[in-house]
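Presented below are the structures under discussion, each in the form of structure tokens.
What follows is a pair of complexes built around chain A, which joins chain B in one and chain C in the other.
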Partner chain A sequence: MQHRNRYVARDIALFSASYLIVYFAFLVFPVIYGIYLSFFDWNILSTKKFIGFKNFVEAFGDPKFLASFAHTCQFVLLSTPTIIIIGFLLALIAVRPTKSGKVAETVFFLPYILSTTVVGTLWAWLFQKNFGLFNQILAQFGLKPIGWLTDPRYAMASIVGATIWWTAGFNMILFSAAIKQIPDEIYDSARMDGAGRFATLTKITIPLLKDTTLLVVILQLIASFKVFGQAYVMTGGGPYATTEVLVQYVYKTGFSYFRLGYASAMSILLFMVILIISGFQFILGKESK
Partner chain B sequence: MMKRTIGAAALVFLFALWLLPLFWLIITSLKAEQDVMTDHLALFSVAPSFVNYAKAFGGTDILKWFKNSVIVASFTTLFTLFLNSTMAYVLSRIKFRGRNSLLLFILAGMMVPFEVIIIQLYLEFNALGILNTLAAVILPRLALPIGVFILTQFFKGIPEALEEAAYMDGASRFLIFRAIILPLGKSALFVVAILSFVNAWNDFLWPLVSISDSAKYTITVGIANFQGTHGTEYALIMAGAVIASIPLIVMYFIFKKNIVKGIAMTGIKG
Partner chain C sequence: MKSRNLVLMAVFILIAGMTLGAQTSQKPIEIGFWSLFTGGDGAFFDAMVKEFNASQNEIVMKTDTVKFDNYYTKLTAALAAKNAPDVVVMHQDRLSNFVPNGVLLPLDDYIKKAGIDMSTFEQGPVSNCRFDGKLYAIPMDVHPLIMYYNTDLFAKAGIPKAPVSLAELIADAQAIQEKTGAIGIAADNTTATYKAYTLTRMFMSMLKEQGYSTLNANNTKANFNNDAGAKAYQALSDMVNKYKVTPKQLDYDSSVADFKLGKAGIHFNGVWVTGSFEQQAGLNFAAVKFPALFGTNASWSGSHTFAVPVQKTFDEKKVMAVMTFINWMTNHGYLWAKAGHVPTRKTAIDTPEFKSLPHRAGYADAVKYTFASPDTPKWPQCYDAISDSLEESVALNRDAKTALSNMEQVINAILAR
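Here is the complex of A and B:
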């Protein structure tokens, strides 16, 4: 007992030192440094010049920033509802205690473990205009090929399509974990009262998943706002920059134009969007408790 | 009966639809290049072969990239386990003032997306002079707030009495951590290990930014780079994508339960 109390401070320090050093150096510090840099005009070769909020002012007047932000928002609006609803429907299949339920879980989740670049290169090939699988299938029905990734009207939707296939399984797992927690007795008594399958779904399952749905929506919004890799690999931002998303523009501003202060300011704006979304989770989560 | 058959048929169709892209990935990787760039929708008009795999291994740096990814993912996993379990031990088993604030401070890290700190990290590693090394790829991935969260929750559930008895026998915290907490926390450690390995293997943006020498690419960056250097050699690119995915697919079928559990645990945090 003596030993335990005497060395408590030393033990806390020794046990937590390595984590805290890494956490400070590569997470806390970069965040603070980013806020600091966002107030400077700096392109790696020049000396840093303090310019107050000018980077932020510039961003709101920069057509490329506004366009890339709009493309990110477009991706968010297209992907969030579809990925969540499809994830939910897949969960309804995967939670059934049958063999096909188990297979469904395995199959629908499988794409999620592939890397961004594998998904990106694979779907770029499936969507390829002349020889890609999808246009070849269309040709079988006598239909004209579609410029999935080369036509500005379809490019973003195609990226969303690939993302649905890739990540719907993640939401499926969250939903099915929550559905499994609903006690069987509730369903049993509903059945006794003569509730049909559809009524049980809308009157019991969906209302009871309120908290999980909120969480899934928040996680999905955050993930969607960060979109970059699959779009970058599939289109490189094209055609005519119509799929150039915010993270790609930040990346370009920092590493191609070397405008580090400006790029940091745009990162901070993205961070603020994500913090606001996380804040909603906090407020709504408190209300429901 | 009729309804059932329709349901089963719909399910099979859905499975086929979901697996079609992967099926086509493998098929394309086994095709001869002239069989790829054709208008005919056919599985194979020339016999399937491993020529693209031979080309990938022989004519590109893919083996190097694969090795780099193995190094990055293994070291990331190992160090993540060490850092996160010791931190979680402090937060779960030692009582002290400010413990909850410390936990909140660490969990707040979950709200910081990697995409937001990429420029600053680049500058930091540049200043440290270790840009363009595998260490640069590994370091920012080690403090994994979600890992601390999972382990802290789990360690809290280990009965107090076990520890008490060991203290009575004069054991130090280090011994208790090693001999009691770690063995009993095995299943949670395993979940964190898998999350960490998968994240490290699939990481794209940070290795893309921090590595400029193509011999040091991880496999995700290497495959993305294939598109630039091998433009329309789709069969070769698909072979590369298959090679890049094999470790994770094998892991998935062995550890599916743990992977799914890890995801479900991330969900509980709300």
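Here is the complex of A and C:
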């Protein structure tokens, strides 16, 4: 018996090692190294120079850091509620026990499997000012073309639009899985008591999805704060840097201007913001239970 | 039994490998290189390398077929690990990011040994690759900002020749808009795939035409918040806001497409689009050097250079092979000129092959008026910041004083750091 346990322990260690090695090499180590780097002045080719908290101090006085962080926040505020609500509405369609419900679920989820570059390029073409589909439709109705991506009034909203199409399907999957777990009896008895569709939605479905909603909100907030790829491909941060988000500035600072220490410091600041907001939400969700 | 067979086989393979290895000394020397050319240029460059490989049997140039999205990121990482290829293509304005870190080999000794006559090069582009008296790269081309114009639209609007002053430029652009309905000047002023770099390149050229560099002599401060800067900015802003000969919100790709499709009279861009304009059926155009809008000629220009990374173990044979390659490539610059670029070597320009290329003669002398970007590792960031700032001010129709002092503040902050 003891002999056998030893084998089990060995197997556990072996099987998890293959994952843990990758996990440590490509996640844990880079994170720790990033924190370490944030206290240095380093351009990859030079020798590292320890400068204490200077990188962090610089960030707070750097108008470009503050502006790009503000753009990220703008994206978070616009995208988080819309993507969650649309994901929820899609889930309501997808959970219908009909064939069309199943088809809808697949169709809504499909965009999510596409890569950032594909989504960005696709929507950049749809939004293109002179030849894009949307402006061609506008032209059909005799309307003037809109600079979806080149007009500062619309550029950020256009990026949010593309992101909704791309990622709402993921939230839908989480919501629909949770809705399917709500026992039918609850709905049946509610119906017996004369509850209408709206009442069952607001009094049963939404309250019972509270845990899932909390999870979705946290995941979506983290995803939105990390926005970069689709914005970079669609607008390049333009017009005049009005859609330049924080991660783009971090990327540019690190890999175009080769200031690895400062770039690390800025990403750690972003990490702290995400950590604080998620922690706050988590506590809030627990307390109201 | 089976395992014995395996062992025997392994031994056999090992011996075979060793004898093959012994033969490599007779085989041609293999030189690894990376280049950053994508799209139009890339095909011409690959064809040249192929021709070089076929022209002799001592050296074989090998490259990764992958075209890097982030060439300089990968290159920097490779340089740091000292496993960069034997020779790399690098923009001249990036040299100052690398030379001070000692990752590139000074080339003077090997040039002398290989017998490359540097006096056959245009001296401007060569001296821009010199740091503390040592040559760290050999320029393959210069690619200046030039002016393209649609000769059909010019004829239709009754304009006999290319504009050579600011007043003429505006008047011609207005005539084109009025008489043909086409865009007067297609020059990008909005970020999309690229930042509005043409705006910056024109601004820098206009400053230089008035004798000013974008940054001060030791690259510690902005040098454009003055009368020359005000004139240059005003000219750019007026094209968009006052005379409305350049559309608002025009990005780089659209500006190229507009000219390519014959929907724009004048187009400002680097020489690298010449090749693709030539392939456009029905487009009749001419290409000339950037006009002297403020008296004298000057045009922003980039330059592709060859540089030799420092290796873990130094192999002089390889470096000399690289010299042979560079010598061949620069001597055959007329092949490279097919992509639109201007060769840096007189021995390539003074050839019937180069002279028979259409359009190039119109701007070949632009080389004489080119100037290098400021020599500071902070230049890439300044370049981006100037582009964003000009784009914003032109879009919002700011007056020159506000525009320039905003931009000066941003640039000085970057340089002071």
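Rule of thumb we're sticking to: the second predicted complex is superposed on the first by the 260 of 289 C-alpha atoms of A that agree within 3 Å, B and C clash if a C-alpha of one lies under 4 Å from a C-alpha of the other, contacts with A are read in each partner's own complex, and residues count from 1 in each chain.
Everything that follows uses one rule, which is that a contact is a pair of C-beta atoms (placed from the backbone, for glycine too) under 8 Å apart; a residue touches a chain by one contact, two chains touch by 3 or more.
Everything quoted here is computed from the prediction, not taken from an experiment.
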Exercise for the section: Determine, under the contact definition given at the top, whether A:L133 touches first (chain B), second (chain C), both, or neither. Expected result: first
Handout entry: Partner chain(s) touched by A:W123 [first = chain B, second = chain C, both, neither]
Key = first
Exercise for the section: Could you tell me if A:I274 is touching chain B, chain C, both of them or neither one (first, second, both, neither)? Expected result: first
Exercise for the section: Please work out whether A:D211 is in contact with chain B alone, chain C alone, both, or neither, and reply first, second, both or neither. Expected result: first
Practice task
Would you sort A:F258 into first (chain B), second (chain C), both or neither based on which partner it touches?
Solution key: second
Exercise for the section: Going by the touch definition up top, name the partner, chain B or chain C, that contacts more of chain A. Expected result: B
Handout entry: Partner chain(s) touched by A:G238 [first = chain B, second = chain C, both, neither]
Key = second
Completion exercise
Check: chain A residues flagged as touching chain B and also chain C 124, 130, 255
Exercise for the section: Quick one: which bits of chain A touch chain C in the complex? Just the residue numbers, please. Expected result: 43-46, 58, 63, 124, 129-130, 147, 149-152, 235-241, 252, 255-258
Problem - chain C to chain A touching residues, read off their complex - result: 70, 72-73, 76-77, 79-80, 97-98, 101, 103, 190-196, 249, 251, 254, 257, 377-378, 380-381, 384, 388-389, 391-392, 395, 410, 413, 417
Problem - Partner chain A, residues of chain B touching it in the complex - result: 8, 11, 14-15, 18-22, 24-25, 28, 36-39, 41, 82-84, 86-87, 89-90, 94, 96, 102, 106, 109, 111-113, 115-124, 139-140, 142-143, 148, 167-168, 170, 172-173, 177, 198, 201-202, 204-205, 209, 219-221, 223-224, 226-227, 234, 237-238, 240-241, 244-245, 248-249, 251-252, 256, 259-260, 263-264, 266-268, 270
Exercise for the section: Please name which positions on chain A make contact with chain B in the complex. Expected result: 1, 3-4, 7-8, 11-12, 15-16, 18-20, 22-23, 25-31, 33-34, 37, 93, 100, 103-111, 113-118, 120-126, 128, 130-131, 133, 136-137, 139-140, 165, 170, 173-174, 177-178, 211-212, 214-216, 218-219, 222, 226, 228-229, 232-233, 247, 250-251, 254-255, 260, 263-264, 267-268, 270-271, 274-275, 278, 281, 285
